[in-house]
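Once you've had a glance at the structure underneath, I'll fire off some questions.
As written, the chain order gives the labels A, B, C, D, E and F, with residue 1 at the start of each chain.
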Amino acid sequence: MSKVICFGEIMLRLSPPGYLRFNQASSFDAVYGGGEANVSVSLANYGIDTAFVTKVPDNPIGQSAINELRKYGVNTEFIAKGGERLGIYFLEKGASQRPSKVVYDRSNSSIATATSQDFDWDKIFDKAEWFHFTGITPALGVNSTVLAKEACKVAKEKGLKISCDLNYRKNLWSPQKAGQIMGELMEYVDLCIANEEDAEKVFGIKADNTDVSGGRLSHDGYKEVARKLVERFKFKRVAITLRGSITASDNNWAAMLYDGNEYYFSKSYPVHIVDRVGGGDAFGGGLIYAILNQYNMQETIDFAVAASCLKHSIEGDFNHVSVNEVKTLMNGDGSGRVQR
Amino acid sequence: MSKVICFGEIMLRLSPPGYLRFNQASSFDAVYGGGEANVSVSLANYGIDTAFVTKVPDNPIGQSAINELRKYGVNTEFIAKGGERLGIYFLEKGASQRPSKVVYDRSNSSIATATSQDFDWDKIFDKAEWFHFTGITPALGVNSTVLAKEACKVAKEKGLKISCDLNYRKNLWSPQKAGQIMGELMEYVDLCIANEEDAEKVFGIKADNTDVSGGRLSHDGYKEVARKLVERFKFKRVAITLRGSITASDNNWAAMLYDGNEYYFSKSYPVHIVDRVGGGDAFGGGLIYAILNQYNMQETIDFAVAASCLKHSIEGDFNHVSVNEVKTLMNGDGSGRVQR
Amino acid sequence: MSKVICFGEIMLRLSPPGYLRFNQASSFDAVYGGGEANVSVSLANYGIDTAFVTKVPDNPIGQSAINELRKYGVNTEFIAKGGERLGIYFLEKGASQRPSKVVYDRSNSSIATATSQDFDWDKIFDKAEWFHFTGITPALGVNSTVLAKEACKVAKEKGLKISCDLNYRKNLWSPQKAGQIMGELMEYVDLCIANEEDAEKVFGIKADNTDVSGGRLSHDGYKEVARKLVERFKFKRVAITLRGSITASDNNWAAMLYDGNEYYFSKSYPVHIVDRVGGGDAFGGGLIYAILNQYNMQETIDFAVAASCLKHSIEGDFNHVSVNEVKTLMNGDGSGRVQR
Amino acid sequence: MSKVICFGEIMLRLSPPGYLRFNQASSFDAVYGGGEANVSVSLANYGIDTAFVTKVPDNPIGQSAINELRKYGVNTEFIAKGGERLGIYFLEKGASQRPSKVVYDRSNSSIATATSQDFDWDKIFDKAEWFHFTGITPALGVNSTVLAKEACKVAKEKGLKISCDLNYRKNLWSPQKAGQIMGELMEYVDLCIANEEDAEKVFGIKADNTDVSGGRLSHDGYKEVARKLVERFKFKRVAITLRGSITASDNNWAAMLYDGNEYYFSKSYPVHIVDRVGGGDAFGGGLIYAILNQYNMQETIDFAVAASCLKHSIEGDFNHVSVNEVKTLMNGDGSGRVQR
Amino acid sequence: MSKVICFGEIMLRLSPPGYLRFNQASSFDAVYGGGEANVSVSLANYGIDTAFVTKVPDNPIGQSAINELRKYGVNTEFIAKGGERLGIYFLEKGASQRPSKVVYDRSNSSIATATSQDFDWDKIFDKAEWFHFTGITPALGVNSTVLAKEACKVAKEKGLKISCDLNYRKNLWSPQKAGQIMGELMEYVDLCIANEEDAEKVFGIKADNTDVSGGRLSHDGYKEVARKLVERFKFKRVAITLRGSITASDNNWAAMLYDGNEYYFSKSYPVHIVDRVGGGDAFGGGLIYAILNQYNMQETIDFAVAASCLKHSIEGDFNHVSVNEVKTLMNGDGSGRVQR
Amino acid sequence: MSKVICFGEIMLRLSPPGYLRFNQASSFDAVYGGGEANVSVSLANYGIDTAFVTKVPDNPIGQSAINELRKYGVNTEFIAKGGERLGIYFLEKGASQRPSKVVYDRSNSSIATATSQDFDWDKIFDKAEWFHFTGITPALGVNSTVLAKEACKVAKEKGLKISCDLNYRKNLWSPQKAGQIMGELMEYVDLCIANEEDAEKVFGIKADNTDVSGGRLSHDGYKEVARKLVERFKFKRVAITLRGSITASDNNWAAMLYDGNEYYFSKSYPVHIVDRVGGGDAFGGGLIYAILNQYNMQETIDFAVAASCLKHSIEGDFNHVSVNEVKTLMNGDGSGRVQR
């Protein structure tokens, strides 16, 4: 009986140490992560009772993924066991002009082949308040598309708020397929989260005058995207992250929140990157926390951006920060002075 | 144009450092290996021009497997590229009474889904003298069963000697399936290599009075198995390894060679284990080297056992030893005195 | 509401990597452990709902200890937060004739300075069946002596079975002090666990003709000790471990169980040591599991010894093994053959 | 018989590798350091015969601290042995907007409980020219306050110059307590070293218009602080470091020296931080070296700032640089070109 | 029979991990590299059949160097074996204002003592199109000076294009010696590669108004140097790298190409440095690849600079990048966005 | 002014981590060591004021060697600086039947090219009581042969006792050369230390019926060798180590001491090997300590063997054990029980 339910895939992530390239590595650092799992850990770190729902193989690798979630206080009681394998992704960390590189090896994972019999949604959502998923889950295959719809349906019936991070992954499905299925799921969604590319790729909604790879961001373009999203899907809130990629080592990071009425922009943080994977998920976790705690709109976007700004300084997919640490940054202290 | 051709799967092997269990690991040591690949490296280390034939995905993980073979001098020109993924196996190293544990994650690998169009056997076997494969390759699936047969057929036509290590893997197929398919392949085989379990599992040929898990080995039982194998399949030679498992840390290691006429036993080495995976493959590599170099029967089995004895002291799947090092041990110096 | 409650200290353990001595180390491997915490992890690994009760400082080091327990499924809801510090112990791993060395830095720890207000025993023991503690807890100081008595009293009132591992630590108190305080606590204890030195040091009860440091063990001596313990304290069961220390690398490991009536001896395992710390705690965890699951006396001692035998092959204080793994060994397979 | 005597605490510093947070670490990098110890190593590296005076426990951890000082050429003959423990501090390295975090575990250390009988100041100061301590030492407790006073008194009598780095630590004492005790000690001090916060926290002397956490630094404010310090305590020299904290990864670093007459400002270095702990101590070490070598005022502050600028690029507490390396930077070459 | 032949020294490079200084290291990261070897790996990575020619000792260290080249696809068949040792260089990585430091231990290496009998130039250059060497090779000693001349002579006779990177090393020879010998070799050279110091040190040809250590670069000065070089030696092309050293952590990187007619400048990349050793060699490899592939002059310099820009983000001497990766950067995408 | 003076070479030792072979290593563990340096550290660890005399290059690698000696309390004031390089040796650790392998890269080292002007023997031996060197030092070359003779001569004149470990190294000189030069040096020697091969290789004095590589040791043979050595060179004492090499992982270790009158045999220790390099030097250090402390003959050999037995459990060349630890073992406790 957790307050927030996150549903999706958790993968084993394997990275060469430091800045080694794949072909230089004689070992891989191993962590576990995935879009929705990352959100669940963010929330658990903030003290919110959060359950992560997935299916993992009944072997030591699957158990290790569960253990990692448990370590950070996530409720794992609804995780099904079985299927063939835990999805894997290989991550090579970029630096300067060399981009980070992800090699996915996730097909045929236990969650991608899970079925309705693996999850008792009625029980899972009992007394819960919030349901979170991302566009990755339905993209995993027919089975998980069905599961995502079932989960949304039951969650809605039981009165939960629903958030979805569009998270378009071109290796998993085409824009056409994504647009169709995600379109159907959007009717359940209260809070829509997107980055600068998602809306265009999934729904063909474009931020005009924004050249993403060049790191130039137009505020007006973002507003336009948010407005169009709300018009089409009647979201209560739309949040869009604004990443200015200078190099793989340095980014600017900001976001905007729109409630169908007004646009709230956060400040923009210049971040020196330790590990940027999971930045968007940390943003999602921050949003949900702030909304559950009745922050006003400006505070909500400020908290979410500060939380995800900090994520960029933390190794692994998970955002290991406390509410106090986020608030300190949100309130203006980003000087990084030693805390004794 | 290599002298020896090995055909099979190469996998990424991921192991927790030292004696950590899977759920304690925050990194995995990464090497590459597989039954036939291991044989190819053994032979390359002995100075034999050897090609390894497989298919790997066209991504940095596949390339890393190729690089590792190339590093040790294996000819990789016939390796096809494509398919979805490189097979993976997770290895947890045992110690004392705790056994080593393997978790396979190899299904849907590039080699398991390869087809005849990936390999030009006529060209591959051009000017070659020896073809080696193991029972793992046909076990990977329908495609690779077909490929194994094609390879055997062409190799035989072109006059190569063929060796096969039975290498039964219960996760890949049933004894029935294995028995049927391997039975068909055996007609091509000149040298059959087996360990204490293979003959029983694959062909129902049993070493009487031998309790394998208890580490008790009856010489007469082994002879009986070898004799029956030769009777049924007309092998020119049968080689059987004799592993006495005392604990995960200490084994006795020996083998027997049978030419349909006489039985040749090696001495038995008490080994303190660093890494026993690939011990059987090192044995196969030693056999092939010795036969290619016209060693007599006793020398052949002595060389092969000394080579594989040394493998137990070497990390990873590959047997990184030279002919001289094997000969030193084979000639009686196993004292491990520092060589300056 | 857990079935088993363990109460005591959890410490940060810092060890030089491999076999380095303290003055050679430029890093320390960090795990967490302690007599009762180790038992709680054993039981959680066996699937028993187990809570560990302690107090840790409200800082990231204290939280890391909690996280580690949580990772392995231990219920941490009753852990109090506050006080000054987490106890630390430095462990230098021995080898061959060089013994392992422990440097304690545990005084003034949060649990040593905890008070009755930190624990609601009534709630903690609610619906529980078993309470476990060791002689280390009352030895930490006046406060924890009081806490141990309170816990025993409430546990007894609520009908729990109580087990205690004598675990004499000469750095914490004198034999006199230990004898007096432990003597008072023994009236609550159903299952008494001891090693070859404890009974003598704490209660002056001696195993005749046993020279512990020389590794010679007399079965009759052990019987005598067990009998005297039962006579004096009316334990339902006494279990004594029998460690034969050959060198720091090789031990023989066995134990005896006595129910006031008959003596049950386990087989003796020759163990090649990876990490012997926590061996006794793994034994305690095995005993409790077996008793909770109604094993007969011989099965109980066999399970407990097999469990703790395996512990010697596992890094860290915790015994990361499953019931199945213990049963495999208990049923005779200690050959360490690779499990695929 | 060393030329410079430093007196204070040396601690074991434990840091998660790289940028891991405490709860992600499975090992800690271990170095030794402390305000005055760091100064002693700086001076030994510059070729000055320097002794470090402290008390460490008579165990391998205490010995390791001594060994580390000895390794870098510090005279350790006056280090007393005994007491309970070596102080520890845990350091989590920050990055970008996430600050570094220190968790102290230093109470009850051997030096905090040392007494006059541990040190023969007359012998220690024999033929010495300079005595250095910091505000941390008297803050450790009543005992060390007494020791600091005794040391100052004897040093003064024997004609040594005395330097003190205010180094206010809020975990150790209140501003009130610090102000009172440090006030008494200041009468012995010739060279007072402070950072932007110390003068305010300890003596209520404030740099107007300087928002330290925001990284804005007013030269006039610093001058004012220095002037007030000299007015109140009659120091011969006051040196104040000027840290502009942009983020945890990037700082600006400069300093000012005042002789009661004129203000000397160094250039400001933009530093990309490897490890900023000990930056202030490296500054102190540079000051003492320059003064002992009769550098003029401008050269003195330039040398000290260049030395401490380099410290930010070096792992651990100690500043491992040579006089030549400092001079190269001080003379303008901060281009970091490879030196072959 | 490779298309490109590189001739020179390959050394074992030993570096303290991360940013540790030499005296802090208890291990060294080991890679292999050297000016010409680095170029050969660059070209092999681009798919060009490239052989590296050198001599290494007939021991496991020499073999490891060969293996490393083989791993990345370099043809090693012409490497001679014998002599006493593999050259070594120790590299301490700098950061911020602290420069990287190289300690050479290369004298008496196998290649420095090799003779004409070790290499059959006629065979080596058979069917090759390009020969590359650097000023380091003749600087190793009398023997290698002779070898360099022989190689140039035979290469020229067989119609190969010849490139030379001046690569002045002050530890190996004086400017006078270098000027004389390099002067003689220049008559064979088609493409001359130099950095900002080489032309001055070797030939006394100076870039006016350029203060290299201060990181100020005058385009006109570079043009002047290139023009004078072409005037004196009749090179077909001269390429000069333009490094702006801000600190050891941040550089600007650009280059110029001159064909005796026009000057082509690349854009300038601000690089955040992971490992800058081999940057110039990566530039050379890029030049040769572009010229072999008939890139026009502007494309050639753009490709070479993008390639070497990427090198700064890669650990070790070798530039592990593909043609596609270089082209992506060359075509403007240096934003470092994650590639999934 | 140290009590014991050791003179010889200290080298950088580079070893692949764990049991990796050279061609598998991507890093090397780095320690420093050498026959006489190892003895000096043993003695410093026992509290004897000991100086090590050598010459190292004036670079950070040479300084690191000095620092390492200093760390363990060795007096380094007489170490000369200059010359070209620090000798290096590569060590691959063996296991089971695979022997450890040493690759020397020591020629042209600073000490091998040192001259009389580097050392003021009169000052070095001032107030010293013991001089120790080994057969390695004169073997380094003409210069060091001269130095060894000078040192012996001055030491004798000043009344020091002199010990020499024959330590024959076949890579450094021939038996003929060794026999001649060592023969001349023996006239100065009071205590001669040898292992089972040295006497035969250097002086043609053979232990009859002893097959060293087979690990069979005849006590009578050793007696015969010792007697012949004393007859020829009039040593006051001869000590011979008795290594029974079972495998690279397990040895038996014992020794014999002869005073020209009686033979004293130590017990034989079965050692499980962590690192056996320096075992002989630890023996030498133990002998010198025992003799300096007036142990009787039996105690002397017992102490020396126990000390060197412990060395086999310690990583690196140096023997990091205390007098108490040696005595505990010497007095019979080799059980390796945890010391708390």
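One rule holds in what follows: contacts are C-beta pairs under 8 Å (C-beta built on N, C-alpha and C of every residue); 3 or more make two chains touch, one makes a residue touch a chain.
Since this is a predicted model, take the numbers as computed values, not measurements.
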Set of chains adjacent to chain B and to chain D: A, C, E, F
Contact distance in steps, from chain B to chain E: 1
Shared interface numbering between chain D and chain A [over half = same, under half = different]: different
Reference chain F; chain at largest CA-centroid distance: A
Geometric centre distance via CA averages, chain F-chain E, whole Å: 44
Overlap residues in chain C, where contacts from two or more other chains coincide: 18, 21, 23, 26, 67, 71-72, 101
Of chain B, residues touching chain F in the complex: 18, 71-72, 269-274, 306, 309-310, 312-316, 320-321, 325, 329, 332-340
Chain D contact footprint on chain E (complex, rising order): 18-21, 23-24, 94-102, 104, 169-171, 212-215, 245-250, 276-277
Residues of chain D touching chain C in the complex: 14, 17, 21-23, 25-31, 59-61, 63-64, 67, 84-86, 88, 90, 92, 101, 103, 105, 107-108
Residue ranges of chain E in contact with chain B within the complex: 67-68, 70-73
